[in-house]
Amino acid sequence: MKYPPVHYHNYLGLDKLLDSQKLKSLEYGKPAHDELLFIIVHQAYELWFKQILFEINSVMTIFSTNPVEESKLGVACARLERVIAIMKLTVGQIDVLETMTPLDFLDFRDVLYPASGFQSFQWRLIETKLGLRTQDRLAFNQSPFYKALHESQQQEMQDTMTQASLFDLIEKWLERTPFLNTDSFDFWKSYRGAVQNMFQDDIHTVQSNPRLSEEEKKKNTLGLENSLKNFDALFDENYYENLRQQGQFRLSYKALQAALLVQIYRDQPILQLPFRIIRALLDIDETMTTWRYRHALMAMRMLGQKIGTGGSSGHKYLADATAQHKIFTDFFNLTTFFVPRSQVPELPPNIAKKMNFNY
Amino acid sequence: MKYPPVHYHNYLGLDKLLDSQKLKSLEYGKPAHDELLFIIVHQAYELWFKQILFEINSVMTIFSTNPVEESKLGVACARLERVIAIMKLTVGQIDVLETMTPLDFLDFRDVLYPASGFQSFQWRLIETKLGLRTQDRLAFNQSPFYKALHESQQQEMQDTMTQASLFDLIEKWLERTPFLNTDSFDFWKSYRGAVQNMFQDDIHTVQSNPRLSEEEKKKNTLGLENSLKNFDALFDENYYENLRQQGQFRLSYKALQAALLVQIYRDQPILQLPFRIIRALLDIDETMTTWRYRHALMAMRMLGQKIGTGGSSGHKYLADATAQHKIFTDFFNLTTFFVPRSQVPELPPNIAKKMNFNY
Amino acid sequence: MKYPPVHYHNYLGLDKLLDSQKLKSLEYGKPAHDELLFIIVHQAYELWFKQILFEINSVMTIFSTNPVEESKLGVACARLERVIAIMKLTVGQIDVLETMTPLDFLDFRDVLYPASGFQSFQWRLIETKLGLRTQDRLAFNQSPFYKALHESQQQEMQDTMTQASLFDLIEKWLERTPFLNTDSFDFWKSYRGAVQNMFQDDIHTVQSNPRLSEEEKKKNTLGLENSLKNFDALFDENYYENLRQQGQFRLSYKALQAALLVQIYRDQPILQLPFRIIRALLDIDETMTTWRYRHALMAMRMLGQKIGTGGSSGHKYLADATAQHKIFTDFFNLTTFFVPRSQVPELPPNIAKKMNFNY
Amino acid sequence: MKYPPVHYHNYLGLDKLLDSQKLKSLEYGKPAHDELLFIIVHQAYELWFKQILFEINSVMTIFSTNPVEESKLGVACARLERVIAIMKLTVGQIDVLETMTPLDFLDFRDVLYPASGFQSFQWRLIETKLGLRTQDRLAFNQSPFYKALHESQQQEMQDTMTQASLFDLIEKWLERTPFLNTDSFDFWKSYRGAVQNMFQDDIHTVQSNPRLSEEEKKKNTLGLENSLKNFDALFDENYYENLRQQGQFRLSYKALQAALLVQIYRDQPILQLPFRIIRALLDIDETMTTWRYRHALMAMRMLGQKIGTGGSSGHKYLADATAQHKIFTDFFNLTTFFVPRSQVPELPPNIAKKMNFNY
């Protein structure tokens, strides 16, 4: 009662909201039943995109401080998890859109020309703010992607492209992870030892296996030695930078190492939230990829070999973009450098203590 | 190119749509992060409600003609199935809303007072158009439910309450089902015979079962005779009307019989779409009930024993309404009158032929 | 290559697994197509129940030590979250089972008599291990629930009923929460002060509101004073114990207070995992309740007013049990005692420091 | 009571079922918590695969007769829809499996070597029975895919590969569609006319558009003429056969035409179930593709650049197979040949009458 009474109808702005569905097919005198569904699905997407942007912005604010406050990590993690929940919902919206059959779509498809999802400002903002760069994007129609946006939005998009993304902020935050190298503990030296021991053991197992022929032994040993060499990317900074320049990695060397530390020692209380945050970023990437893939399948179903409303070769472009428009690929690839927990070097007690609460 | 070019941004009215989220907490100088989610979830609900109403209206138009065109049944069925798909999606939206914790809700709860989902005009329209009557509604606050609506909407709601609902139209359509009683085939007589035979067999099985004592035989026989009596509702119109006046049934006697015929002989081509339409109505009822239940659970979680924003006793009211606000209950109860397929009377060939295509 | 090679088929025991579907309808010479679905859905349930039990047991092991190791909380939380994921999946299985229509079920229903989900040992174990007590269970057929189990399982069930449940272990763990009362900080005193200030403010707002009549002021003030009295349960141990004996609460006084502390100060690093664990327990309760409800709806659909295969009054019993068989109700009700974050007493710096990492 | 009483526990064979999880990690003395989840997820998959095969077999039986009974189409359609529901559920199981992190998988990954999903007999049977041919399969390891199966299953797989698939049966059924060409109605002639009119109109619109330059007119006209040429595949059997031999189509010319007729005139009562059956096959293909894609993403997440347990290059192979292992692609591509409903030639009344019921 402290505030003037509010009615649901006014609070949600329903007069405006429910008056925002203008059917083109109706305007041109050829009313098509399914156009309303088409509009409402896309409006629901845009509402959710607004929410996703709001959450991403708030998480970026948290990660923009140096250091990031420990007491903000729980909130940051919860908001990323909310983004995942929303994205899962939007994947489900495709089930609803697919209740429209291609023939029904054809009833109003030509009145929309050339409107297309390519022109969604908010979706492009989400991608860009998360960290998708121009060079990561699949080229389309020889024209920069932001040229498809409404004129009034192109400048803001270009500005956003020059600002730090969530990827960048997370990278800097990871680089500042303590414990990577302290006086009493050189994680990389001990991890490298563990990796080498593991492979030596494996090679010994091969060499002493009476069931294997000499040739098989040679071949298997070679395979193991090659696997061992893969780990050089982790232990040899120059080699890593080389691979990074070739585009095989994006994270800085130090950030990659920190991400590995977080993964390997995640059970230490201080690493639990960082671990959950990395997992949430992986989930966001995976759910966005799933969304793109379902969207591409739907486009194929709706259009066959026809070109998309935006003039793209439709399905083909979408399917290719699905594979390429990933952002946190390094976190996926990190797995390559894991060793089984039984081989992970134990933390010295003084380090373990620092990673725990001490009240 | 026949029409002026359209841009996604303008087509979807995004300027208006994305400007419709006015945070009360901001207005009062106490910005609460989760209020945006709260608004957007409810706006997404209202967008979907608009779509559901559009589909229900179109289905009602189809069922308003006499006779209903056979070539419209496929479309009617598909639109009801779309309503189901949308309702399943809206159940999923609760997962998103539950990423807001009760403490986060408390940050802005008092600025919304007394706004509440009870005031959703579209939801009430959906219920009413499907067939929920005033007498089916759980009383709340001694005031008719439509008094909670925005003043500008109360008259339209009262008008809608006096019009034929989808329930009414389906009932009339079912009543007109041919084949219920033809010269050559009296379905009810043969069905009644089948039911009696089935129970006579069962009673005989009991009586001749050497493992049963005399007392057990008596008890089991009595049980079977009572079950047989249940079927009287189906075969004795006066008895049925009696039960109907007591509120145990709502469908007219003839419509109930037709619904049973459709269920039992669904595999006949002419009954396939009616069967699917009845099933879709059941699914709509069930999904709405699930939505109400999840909503009630969420309210309990969000508010504990506190009263809802609409002044209701929150969870309790919602839980009770869940159980009571069903519409197509008769279709659920119809199962009571099924007999196993092996006992179903076979259709005479001339009837079966009429239920099939003949090209 | 360290271990003998394994084939997928043998590893999963598929010979045995895929030979475990014995159709009774086939055995009795009346093959019913949908019986296989019925068996496989229930076998899939039981596989998942085994996994759920495995996770619950491992979480109980973690919470059985005193103190519970901080470095185990992340794992415990992840396993509870896995239980939620599994339960959500099993809710989805109902969609699959509902592709069977009641008429199809009738084709084999009588050959199963009196088999029933009531006889599922694993489901009863899950409920019991989580903390459902005999007195919480809805009475059924005048006979203890475990009498429905297979004879070979009744003893194990009775033994489990005498052991500490997860509810009990969580309660003890919460009771040991530090920070509830330290030399420098009496949480309860400061929380009580905050609550009183909040209500005094509200009463003052009412009293000085020129739009309210004297009568309205009196009524509203009374309402606020009653709300304030509700909080006595939190601040007056005797009063709480009284309510607890009446069954309004189950958690010990101290555990309830600790749960509130965790909720209110969740952003402090040391409380993040406890907060997430409590939320996971709430989610488990809510998902189990949703499952029960969907199951009850399905039963109603499948059986109408017929009695269930287990001889129960089917739908009715299931619906009532849904409402009653909750376990962590206190965590839901806790919300009643929340105050908005702006009113929450700030932690003294030395306490906040102890709740954080200090490396 | 006609049959001996049955207990849930025995009916479901739970002794056997719940004793089928043999942890290799335990056998080798290195118990890994998550191995049970890994086993149970895959066992649940195999249970569902058994059900899917059962349904596909029953649908194949229905489509094996000539003619296919109209009164069986409803059942066939419902069973295909059940397959879709099951496949959607199995997509959801990936969410459960992803609660296992890569590090947890590493704890037992080497004891499973070289077991792999490639060795799933039932999955390969599903693909083969639906219609995936050897030439459609992405080559893997230079060895026929069935060589990965258990020895005891390779012969049955090879036999299945020589039998008619569901694709083949559906093709034959479509070819027999009446109405393709009757005395009074040549669908193809009138459809071709409609297509030509539509394009002539479009070309005229371009030519008379004052906003277009001569060059733009020329370019747009050329584009429309090319689109028109695409339709030749539909109207010129020789051209179609040519494309078919190049692998661009798989369906016979007549079956493709019938499928188009069904799509275009779906609202005619006799075409409703055929339309729904084609849609169900599309949905099955799309859901299997989604499953493969989610599975590929999960593999990438679990293994990074590591090779899969089956020795494959893991993620890469799975992603490529996703794109290639489609079966009913022609039904997707059919959309290319749709014209808007307003352009579809109207059925002559005598044909429309034959497509309807006449009681």
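Just so it is clear, A, B, C and D label the chains in written order, and each chain counts residues from 1 on its own.
The definition used in the following text is that a contact is a pair of C-beta atoms (placed from the backbone, for glycine too) under 8 Å apart; a residue touches a chain by one contact, two chains touch by 3 or more.
What you see is a predicted model; the values in this text were computed from it and never measured.
Asker: Moving only to chains each one touches, count the minimum steps from subunit B until you reach subunit D.
Answerer: Minimum step count, subunit B to subunit D: 1.
Asker: For the homomeric pair subunit A and subunit D, should the interface be classed as same or different, according to whether the shared residue numbers exceed half of all numbers used?
Answerer: same
Asker: Rounded to a whole Å, what is the gap between the Cα centroids of subunit A and subunit C?
Answerer: 32
Asker: Indicate the whole-number Å distance between the mean C-alpha point of subunit B and the mean C-alpha point of subunit C.
Answerer: 29
Asker: So what's the Cα centroid distance for subunit A and subunit B, whole Å?
Answerer: The computed centroid separation for subunit A versus subunit B comes out at 40 Å.
Asker: Give me the residue numbers in subunit B that touch at least two other chains, ranges are fine.
Answerer: 1-2, 110, 266
Asker: Going by the contact rule at the top, pick out the subunit B residues touching subunit C in the complex.
Answerer: For subunit B paired with subunit C, touching residues are 30, 101-103, 106-107, 109-110, 230, 263-264, 266, 279, 282, 286, 289-290, 293-294, 297, 300-306, 319, 323, 332-342.
Asker: Write out the stretch or stretches of subunit D touching subunit B in their complex.
Answerer: 1-2, 70-75, 178-179, 202, 205-206, 209, 220, 266-270, 272-273, 275, 354-359
Asker: Show which residues of subunit D lie in contact with subunit C when the two form their complex.
Answerer: Residue list for subunit D touching subunit C: 1-3, 5-14, 16-18, 20-22, 24, 28, 33, 36-37, 39-40, 42-44, 46-48, 50-51, 54, 58, 78, 81-82, 85-86, 88-89, 92-93, 95-96, 99, 110-122, 149-150, 153.
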